[in-house]
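Per-chain residue numbering starts at 1, and chain names A, B, C and D are given in the order in which the chains are listed.
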Amino acid sequence: MSQTVPVLALKGVNKSFGAVRALRDVSLELLAGEAHALAGENGAGKSTLIKALAGVHRPDSGEVLLDGRPVVFHGPADARDVGIAVIYQEPTLFPDLSIAENIFMGRQPRRPLRRIDHKAVRAQVAGLMARLGVDLDPDRPARGLSIADQQIVEIAKALSFDARVLIMDEPTAALTGSETARLFSVVEALRAEGAAVLFISHRLEEIFELCQRVTTLRDGRWVASEPLAGLTQDDLVRRMVGRDLEELYPKQRTRVGETALSVRRLTREGVFRDVSFDVRRGEIVALAGLVGAGRSEVAQAVFGVDRADAGEVRVGGTVLRPGSPTAAMDAGLALVPEDRRQRGLVMEMSIERNIGLTGLDRLGRAGMVKRALERGRASDWAVRLRLKYGSLGDHVAVLSGGNQQKVVLAKWLATDPAVLIVDEPTRGIDVGTKAEVHRLLSSLAADGLAVLMISSDLPEVLGMADRVLVMHEGRMVAEIPRAEATEESVMAAATGLGAKGRAA
Amino acid sequence: MTVTVDKPAPAPDTERSARSLVDAVFRAREISIAGALVLLVLFTWVAEPRFLNDQGVKDLALNAAILVLLAVGQSVVVITRNIDLSVGSVVGLSAFACGKFVSGTDHGVLTVLLLGVVVGGACGLVSGSLVSFGRVPALVVTLGMLYIIQGLDYWWAQGEQINAADVPQPVLDLGSGSVLGIPYLPLISATVLAGTAYFLRTYRSGRELYAIGSSPEAARLAGVPIRRRVLGAYLFSGAVSGFAGALWLARFGTVVADNAHGWELTVVSAVVVGGVAIVGGTGTVWGAALGALLLTTIGSALAVLKVDSFWADAIAGALLLAAISVDRIVNVRMTRALRKRSAR
Amino acid sequence: GGTTKKDTDNSGPAKSDAKADPDAPLKKGLKLAFLPKQINNPYLKILDTSGIGAAREFGGKGKEVGPSDASASSQVSYINTLVQQRQDAILIAANDPNAVCGPLKQAMKKNIKVVAYDSDTAPACRQVFINQAGSEEIGRSQVKHLAKQLDYKGEIAILSATQNATNQNTWIGFMKDELKKPAYKNMKLVKTVYGDDDDQKSFQETQGLLKAYPGLKGIISPTTVGIAAAARYISDSSYKGKVVLNGLGTPNQMRKYVKDGTVEQFALWDPRKLGYLGSYAAAALASGQITGAEGEKFKAGKLGEYTIGKQGEVILGPPTVFDKSNIDKYHF
Amino acid sequence: MKLRWDTAVGVLLVAVFVTGLGTTDGFASRDNLAFAFNDIAEVALMALPMTLLVVAGQVDLSVASMLGLSSALTGELWDQGWAFETIVPLVLLVGVAGGLLNGWLVTRVGLPSLAVTIGTLALYRGLASVVLGSNAITDFPETYAKWAVDTTTVPGTFLTYPVALFIVLALVAAVVLHSTRLGRSLFAIGAQEDAAYFAGIRVKRIKLLLFVVAGLVSAFAGVVFTLRYGSARADNGQGFEMLVIAAVLLGGVDFDGGKGTLFGAVAGVLLIGVLKNLLTLNDVANEVQVIVTGLLLVASVLAPRMIATVSAWRQRRAAAPTS
């Protein structure tokens, strides 16, 4: 099997963006019927590599081989036409178009006279949705879909044509267990039919579950390509990071202080209702639940970017003016939103300005901004979070996904908050950085910060939280102390099966 | 390590009602404009019955015909998240070119229309190439083209005027004649409108225009030939504007260099009133055409109602604002209702 | 307190301390600049071309400059430039009688002569105004002509150019005055609309008029753009033969409508003569033959001798009335 | 060395100016320069708030109409015998009200600014003609008119008072845009509104403020315009909105928001003004000037693009042999 000609391969590929050398002399072979993992830290060049495979980027040198023959893709359409399906790291949907149109754009089945066969489109989408086991209306517009649903549409898109090669860049980052499992079974089936699969994930257990081989990148350089059988997670981490990894969930014991954030009977019609909970100083409280349970919406209503229909939020004893993020910030609240590209960062702005954005009033007097202070604040946090960047004046758009996430964290930690709400803080972050973020959250909590952490990563929830709050369909269904929190107890509550623990 | 649990599916009937609500939201703009139009016409008709006599209806249709054409062309560009501010200048240039070409000759109608299309298409090609291949912001480029084409037109015309007397009768007949009592011009506009609408709905390239406007980045990754499509949109808009220029000559007979001077904002207004989002991706040419019809009808109605012409601009502006505000408010309300109803 | 209208006093007509020397020869190499309302106005183009031709006759140099939109503010920058270029005389068809005043006064201070033609400025801001015909005569005669065609009864309307055009407003003033006479007691001016000298706007204004005033019997359009547009609309509509159109137009524009019976008659002076006369007046001023005072005389080439009237006005002569019988003799 | 477009416009401006000095009689005269700059004073004034708006991803097409409305009101009230000292504050208040309406529709109703201000473009111009109809009011007090005309200059300079005021305001605007919290917020709002909102920036309040300032400045420009020409008319400044926007865009301010410098915008305005003056002095026909304006606009976006493409190509060629 391994002697056959690779379906798709890269040979000696180099790719630079200005001064950044994203790929240096990288090679990779994808075989039919094999799932191949791509591992590496944030910014290692994984996404760049698949973009080179997909015809988005032209390599500066080196070649792409299809069935052993060199090819040049002039654009994504060329790659698609030879049967390469790609799920990109960031969902790339048309918000105004229906889900069905999103899936079939440019490839709609046609009737005579090259007219689109709308009926066939709908039927095929329904088939795909059934195959993925999800229930999404093909006619609803993509706007307003949760990130998870967006990712599902992306997956459906990739499945919609019989791809010889399926490339997935962190498709599971936004998915919960059930969806991930469903995805894996579909991928398994495709692989059995002889498709080659390239899979990227920062969740190592997924790599071991799904793939047979792994290629590791470090700083844009090829490190190794090898079978996964016989490899341990620690081996893989060592390849990626170049050193041994510290503990992933470095939970510190802290003294829990007085109540810092108190939410009472918060309701937003149609999204969540009657949500009450407290977070105390020194505590990390996790907010768990299935995708779409309304966790992010609660966080946004607490922070004031969404207006709650009823209920109140107190920070340090004072009631927040509803619908005002500024008031929330003044009271010491910080929110790291889940959608970093739209809400977390100003992509076309430099790193330093992004970090400075949350503290403009502290960067000078009388409404002025001192550049030295701005830069100082940014470089301070860049060091503390081990940000990988060229210059602080670079746009954040050129950073890798994980490094972008660090900038969002930096921007909020720099406000020196009393309560920090983090929505999926480690989504898309590599294991090394993940540990760093966890250590950071832990030590911040130890210093008396109150942390509310929304996460779909169950091990993270269990590893980090002092208490776990669980939401189900817009309601707070359980509050589970650390000692009783197990995968089973949390999932049971999240799915609405026999609420364990006392109802909140 | 992952836990396999199925997400409970929502009850199918809430889903369906949610869907029809979604549809309603998206159709709301066309309906509300059509409603406003009907109200306006009825009100004016009650106040002055002659508004809807034979001549009146004919005038309404004739007045709207050219603006509708331009709005159709413009929508196609706006749908791709671009804009063409040069339409007014293109109409001016094309009308003058056609006038100059036919003046004192007996060229046929088809030749004149073809010339208009070619002149306009050429302008569209230049704007389109700059926007798509030069990858520069459309607003700036087409504002530049507005000036350039206008300047060329003035330079060429040197104050010359083409008079109706010099224009061959068949061309003038196109502007004033009719079949079965329906004047040619509105017929032509309606045909172009229907054809464009059909194309946008049922052809891949049509859908791709929406895709580009909705998210250019996603369109690129989906393999949509963005440059070609955008160029095509401009070419179409240019050709339609040029065509409108030829019709202008047919309708008014007299042309000078600055015909349709300043129309770009009216056309954009019509498109926006008609529900084509200025940021691209949504809207239909039907809506844009209704918008154009509404704008011209407001003008005609005010004249018939003997509203002092000083008031005309102010009222037109206020109505425009009212139309888009009401639409927006209805939209927001319905979205909110949708959210509450589809609560999972 | 504060500064109010009562505190200001606008000075009278242009005064000149210079003495006229009627026998002074026309200077050679005079630089004349024509500043029309807008360079793309076909009517003013004819005028300016003929004026530039006249300048060539007496060995001067004429040129036409101007804005492409008919707004007062854009004329101002041209006046300034002409001053910087040290022209000998500026001939202007003013878009706004007052907005161009300051710069024109500056020009006169620098000994540049200013002649207004077609549309006057405030009298203080120019030395001579070349009037197409006596304003009073134009105004009254148009009402008279139309009245005769309508048999002295029915509703009438006016389709003018821009709301601020001096000449138009003066004429309309005289029209209204004429209509007060008992002979016109059965005629009623129902509305004045403005087509802004824009063909399409004039077209739609006509349409609006006819729709809004079903009893309308006649339209006067004392502007060449307006009358042509109105004729075009009427000729294709059901109003043809029911509504009388009269006014000021050029024979080339109106020929078709006179022949097809839409329009019976209209009037105009010869714009070529107007430009020609303006050119000579400017030269006479620049050569010191005249200063712009009432009663001074000067010779305008082949047009013969003209006398300056009240407030520096020079009148070209009565307008020609065009109809089926004579229109083919004129080509402009 | 990366060449920024706003710098390029600045260099071009200087080049045009120097060419004018060398080649054109009368260009360098004090009178002419005073006139040339004064002639674009209102456009320049309105370009300042417009720059801030465009950086924040907004646009105000109604500025010229507000100028017209302010001019018409000034004229009508003056004609009715009001004191000039009362008229000016009142008219400025109307400007603020107009800005509030624009801002309210954009921030509260949530409409795109382009659509809103196309509407108010018609509305304000319409109101102007309702106020003043076809009249032109002319007899403005010399005591005030003299401050606006180009024959009165700040002693010792060729700067007229409107131009001097513009310089002061431009400096203020530059500081605001480039070194204050507000300025940083504007860039953030223009580049990514959601992210700015999530960072606690009062997006709506800031936008509202911008529209109000634009209304206020336009109303003030209306007063200046009226005094400068000594003529109040409803159609004063018609079409200036395009000129203002052209100037701002010419200066390299990105219409999509989030990018641009005030220096660029000012250089853009001045370039248009100086070029117009120079071409007119050389008897270049108006239509050619129109074409030049258009070409400059196209070049303003095309040139940086081409420079970037060429330098990327060079870089790639330089990088190729090493790999």
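One rule holds for everything that comes next: contacts are C-beta pairs under 8 Å (C-beta built on N, C-alpha and C of every residue); 3 or more make two chains touch, one makes a residue touch a chain.
These figures come from a predicted structure and were not determined experimentally.
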| request: Going chain by chain, each one touching the next, work out the least steps from chain A to chain C. | output: 2
| remark: Max Cα-centre separation from chain A goes to chain C
| request: Select, from A-D and B-D, the pair of chains that is joined by more C-beta pairs in contact. | output: B-D
| remark: Between the Cα centroids of chain A and chain D the separation in whole angstrom comes to 44
| Which integer distance in Å separates the CA centroid of chain B from that of chain D? | 29
| query | Just curious, how far off is chain D from chain C if you go by their C-alpha centres, in Å? | reply | 35
| Distance between the centres, which are taken as Cα means, of chain C and chain B, whole angstrom | 39
| task | Pull out every residue in chain C that's touching 2 or more other chains. | result | 39, 68, 194
| field | chain B residues counted as touching two or more neighbouring chains | value | 150, 154, 277
| task | Would you mind listing the residues of chain A that make contact with two or more other chains? | result | none
| Can you name every chain pair that touches? | A-B, A-D, B-C, B-D, C-D
| task | Would you pull the chain D residues touching chain A in the complex into a rising list? | result | 179-185, 187-188, 191-192, 194-202, 258-259, 315-316, 319-320, 323
| Which bits of chain B are touching chain A when the two form their complex? | 1-10, 15, 18-19, 22-23, 201-204, 207-208, 210-211, 213-215, 217-225, 277, 281-282, 339-344
| field | Interfacial residue positions of chain D with respect to chain B in the complex | value | 61, 105, 109-112, 114-116, 118-127, 129-130, 133-134, 234, 239, 242, 245-246, 249, 254-256, 285-298, 300-302, 305
| task | Report the residues of chain A in contact with chain B in the complex, numbered from low to high. | result | 54, 56, 75-81, 86, 88, 92-97, 101, 105-106, 108, 110, 114-116, 118, 133-135, 137, 139-141, 177-182, 205-206, 209, 269-271, 290-292, 458-459, 473-474, 487, 491, 494-496
| task | Can you check the complex and tell me which residues of chain A touch chain D? | result | 14, 16, 18, 60-61, 305, 325-326, 328-329, 335, 337, 342-349, 353, 356-358, 360-361, 363-364, 367-369, 371, 411
